[in-house]
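One chain, chain A, links the two complexes that follow: it is found with chain B in the first and with chain C in the second.
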Partner chain A sequence: MSKVVLKGITKKYGNNTVVNSIDLTAENGKLISILGPSGCGKTTTLRMIAGFEKPDGGEIFFDDKEVGAIPVNKRNIGMVFQSYALFPHMTVEQNVAYGLEQRKTPPSEIKERVAEALKMVHMDEYAKRKPKQLSGGQQQRVALARALVIKPDVLLLDECLSALDKKLRVEMQVELRRILEQTGVTTFFVTHDQEEAMTLSDKIVVMNAGKIEQAGTPFEIYEKPATRFTAGFLGKANFFEGKALSFENNKVQLETENGNITIPAQNAVVGQNMLYVVRPEKIRFVSEGENGIKGTVEHVTYSGNISTCTVVCSGKEIICEVQNAVSGQRPQKGQNVTLDWDSAGSIEIIGGVN
Partner chain B sequence: MKKGVVSKLYVLLIMLYLYVPILVLMLMGFNKSRYNSMPFEFSLQWYQELIGDTVLQKAALNSVLLALVTGVICVILATFFILGERYLSNKTKSIFNSISMMPMSIPWLIMGLSLLLLIRFFDFDKSMFFVAAGHVVISLPYSLLVLKARVQSMDRALEEMSASLGASPLTTFRRITLPAIAPAMVAGGFLSFMISFDNFAISYFLMPAGVSTLPIEIQSSIKFGFTPEINAVSTVIIGVSLLCLAVVGLIMGSSLKTMVGRSENK
Partner chain C sequence: MKGDKRQVMTWPAMAALFIFAVFPLLIMLFNSFQSDGGTGGFVISNYVRFFSKSTYLKLTGRTIFNSVMVTVISLIISYPLAYIMAKKLKGLKNIVMILIIIPFFTNQLVRVYSWLIFLQDGGLLESILNSIGLVDGALGIMYTKTAVIIGLVHAFFPYMVITIYMALERMDNSILEASSSLGASKFTTFRKVIFPMSMPGVVSGIMIVFVPCLGTFVEPRILGGVNGTVIGTVIEDQFFEIYGWNFGAAIAFILLAMVLISMAAIGKWGKRYDI
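Let's look at the complex of A and B:
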């Protein structure tokens, strides 16, 4: 229920700058996902918002109030750690009640709200158990209930659904989304699951080596990646890079390290180095004789709803995905094919080429 | 097969080596002869004398009280030390660690002597206060050792989580930290208790005139003629120690399981 603003936040461990001058705004009641490779500073960023770590530079605001001097226990945050951190000597029930007890909530209300929270995460049957008697996924759900039951202003979730199986995870995602909409709590959500980030987030922040690569809606991040890193990190990507030799009829001829290749594109500056990214699902197989890029199918991976094909076109591997529809025929290994896509499918990454 | 017999024999020999002296001592407490001589004739005579021996009882009481005070002070100091130490940098921490363990490597005789010289230097009178202080110096490292092991394996995230849920540092200590380290506090305190209870050298140097502890009393009784009463009192001490150990084992046992169970689950 607070807008959270990070201004130039920096964290150093010794000489190692772990978080490097981050600017980030989380609007009131929105869910912000933080994505990035292991060790890029996601947890450290959350810990600074929570108040466990003091930033070496920059300021954090909750609703225009600078929180640097406010200790953790006065920030009204809810947190789920990567390691769950359930209190081992307390039962599930006592764990969830702990935060309410600190808020001097009357016992009858505590009882009610704890039961409600446990029901929400489907853990009501386990109320009397100790954490060590629970599976990883069950512990994670208790940790989530414990963070939510106190109705925090800011919710910080560090890979809080990672130990759940697919079905339960989707269920929890839906539940989480519902709770967040209901309570309007501003949420930071660290995850390694791209699909999860896509479906849950109002905004995705892609981090790399302590810096924000790009922040935007899931659509923007996927369809309009600003950097090569973002394009490569989220989803599969084919990169086409080289000097533009000519550009006409929405086709650009590039001088790449594998020789010249002509691909569809909406924009190009002749004589300059260009970088385009093409998502595999944008590429389609066209019949022989039509205009397109000729190649040979090198490899086909079947994964249920789609097949992923690696096509080699004059030395360059291009990954494309086809729907396994009933009528559609799947490319075979060794087959000669022609590839094409709409010119809008080639996303120009400006500033991607140095 | 043969190898099995040999290794069993080997273990048996070590056991005998360790325990025969104590067994003989306990046995002779039940022997009628004043000079531990054979043949063995069962009697409870020495235990009866023990009941009437107020000097020995007084000394035993002193020892227990001294050890109790020492144990409690050691646990409190060790707890503060360990918890405070966590906020130091690694380098300072390792320096503090070595210094705090030093009393373990200094012979008690020298420690006692140096404390005595210090008291003399400042022209203080010998008193129980200094005896207790000396006992704390030599017993503290044992409490520290046990507590350190426990705190190091403790998850800091638990305390952070408690803070994030709105608990003040004091509440966090009381409800999260204390339950986690309580078994180690009991064990550490018990260890310090035993070190103090057993100590002769420090007490010998610092004890004010007219007061004695059990180790001192036993030592002096050897000087003035030894009776199996000493065997009897030793047996009682061993019995009480074993009982304490069993109780601590019971307390630790159940709570240790909770701790271990947690870390296994991680």
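Let's look at the complex of A and C:
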């Protein structure tokens, strides 16, 4: 329900700068995913938004209001912890009612809203149980209900779906999306799961070592990665790096560590070091004799709808994905193949070479 | 088959337990049903004697009163102390813990006589209180119930501190953060989350103080003098002064019954706070 703005937020533990001057805007009612390797500062960032940690520098605004002086219990946030943090001495129902009790909601309304929230996360049958009688996934769902029932202005989710199995997780993602659209609560969502971040988010923030590498829509992050880190972190990626020897007809010849290689590209500066990333699904097999990169299939992994092939082209491994549209037409190990892709498939990472 | 073989290995321990614990207890039980005259017949006169004399019932009352007072005072001292240790002190808490458990390593008599010297008329406490003008003249604490309770609290409260401290210490901090994120003030978080979650520690603390307190006799005797007579001292007198072993044995079993009943009661009450 609030727009959240982080301006130059920094957090240090001793000499260790865990979050380094990050700027971030979450528009009202949007879902922002924070993605990044373990220890990059995701939880710390959430904790600063929540108010558990005081930033060592920078400001946080909820709807243009600086919240630095507002304690956690007055910020009207909902938080789901990495460890669920349910109250072990209370039943599921009492856990969910807790936040409403603090807000002096009338008992009859509490009862109604708790039941509604539990139904929303499919936990209504477990209302009378204690947390220790629930599985990890069930506990997560209760924690989610407990955070949502208070209608927070900002919802902070720290890997809140990570303990669920695939099917339940997808179900919860859909539910979450629906709930968030319904309630319009601005949400920060920390996750390790790229697919989850892709499908759920309005905006993805990729963090690395306390800094924001890139922030953008899932499409931008995947199709136009700004840094080598982002490209490599989200989805599979083939990197082509080297000095551009020549560039004509949307083909660039690169001097790479594996020798010279010519790939499609839309832009190149001859004489300069270039870095391109090519997503595996952009690459296609073309028939022999056509122009392209020649190589040998080294390895094929079958995963139902697609096959992932590792093709070695003069010493360089290129990963490509092909649709298993017609069964029996998959590339075979040891087969000599020719690879090609549209020049738009080579994404130039500017400033990526250094 | 395999299970049987393993059971064999427990036999020596079982035998030792029987010889050194159960067997003497059975002898005591047998004795408690013997008359002091020694006719060898099975009588309940020792038990009747205890329950028909108001002196003994009064002593029972005083014993329970002492235990209750010691438990309550220990709780009042221990909870804040344990809370501060668990939540506020960082590096200091090991030092405080050592200070608290020093009484464990002190000889009981040394500890009790130290209190005697400290509390007696003309003793250190008196001079301190006299000099700051709180008390005028003799203190008059020694050889009263108060002295007994002071001595017992000192002996027992460390157990309570430790059980409560452990309950508070293992509490996951994110649970407390969850409480404040849901809008609770620090005080509400204490009242609704920290305190209820520490109850198992409080319950074991009460158990570990109240129950052994029922059977003490050293502190009551030395610090309480004539005012310190409790069931424990009566049993001791019966065995070592009066040689009324049979009656002594009967009182000991009555005490044992009190111990078991209070353990069961505290345990049952504590079940409510099971997490």
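One rule holds in what follows: the second predicted complex is superposed on the first by the 352 of 354 C-alpha atoms of A that agree within 3 Å, B and C clash if a C-alpha of one lies under 4 Å from a C-alpha of the other, contacts with A are read in each partner's own complex, and residues count from 1 in each chain.
Everything that follows uses one rule, which is that a residue touches a chain if its C-beta (ideal position, glycine included) is under 8 Å from a C-beta of that chain, and two chains touch if they have at least 3 such contacts.
This structure is a prediction, so every number in the text was calculated from the model and none was measured.
Engineer: Will chain C clash with chain B on chain A after the two structures are superposed, or do they fit?
Structural biologist: Clash - chain B and chain C, as placed by superposing on chain A, overlap.
Engineer: Is A:Val174 in contact with chain B, with chain C, with both, or with neither (first, second, both, neither)?
Structural biologist: It touches nothing on chain B or chain C.
Engineer: Should A:Pro88 be classified as contacting the first partner (chain B), the second (chain C), both, or neither?
Structural biologist: In the superposition, A:Pro88 contacts both chain B and chain C.
Engineer: Could you tell me if A:Gly99 is touching chain B, chain C, both of them or neither one (first, second, both, neither)?
Structural biologist: After superposing on A, A:Gly99 lies in contact with both chain B and chain C.
Engineer: Check whether A:Gly78 is in contact with chain B, with chain C, with both or with neither, and answer first, second, both or neither.
Structural biologist: In the superposition, A:Gly78 touches chain B and chain C alike.
Engineer: Touch check for A:Val270: first (chain B), second (chain C), both, or neither?
Structural biologist: A:Val270: touches no partner chain.
Engineer: Touching A:Ala50, do we find chain B (first), chain C (second), both, or neither?
Structural biologist: both
Engineer: On chain A, which stretch or stretches are contacted by chain B in one complex as well as by chain C in the other?
Structural biologist: Dual-contact residues (chain A): 50, 52, 71-74, 76-79, 81, 83, 85, 87-89, 98-99, 102-103, 130, 132, 146, 150.
Engineer: Within their complex, state which residues of chain B touch chain A.
Structural biologist: 155, 157-158, 160-169, 171, 175-176, 179-180, 255, 258-259, 261-262, 264-266
Engineer: Once bound in the complex, which stretches of chain C touch chain A?
Structural biologist: 172, 174-175, 177-185, 188, 192-193, 196-197, 199, 273, 275
Engineer: Using the touch definition from the top, list the residues of chain A that touch chain B in their complex.
Structural biologist: Where chain A meets chain B, its residues are 50, 52, 71-79, 81, 83, 85, 87-89, 98-99, 102-103, 130-132, 134, 136, 139, 146, 150.
Engineer: Please name which positions on chain A make contact with chain C in the complex.
Structural biologist: Residues of chain A touching chain C: 50, 52, 71-74, 76-79, 81-83, 85-89, 98-99, 102-103, 130, 132, 143, 146-147, 150.
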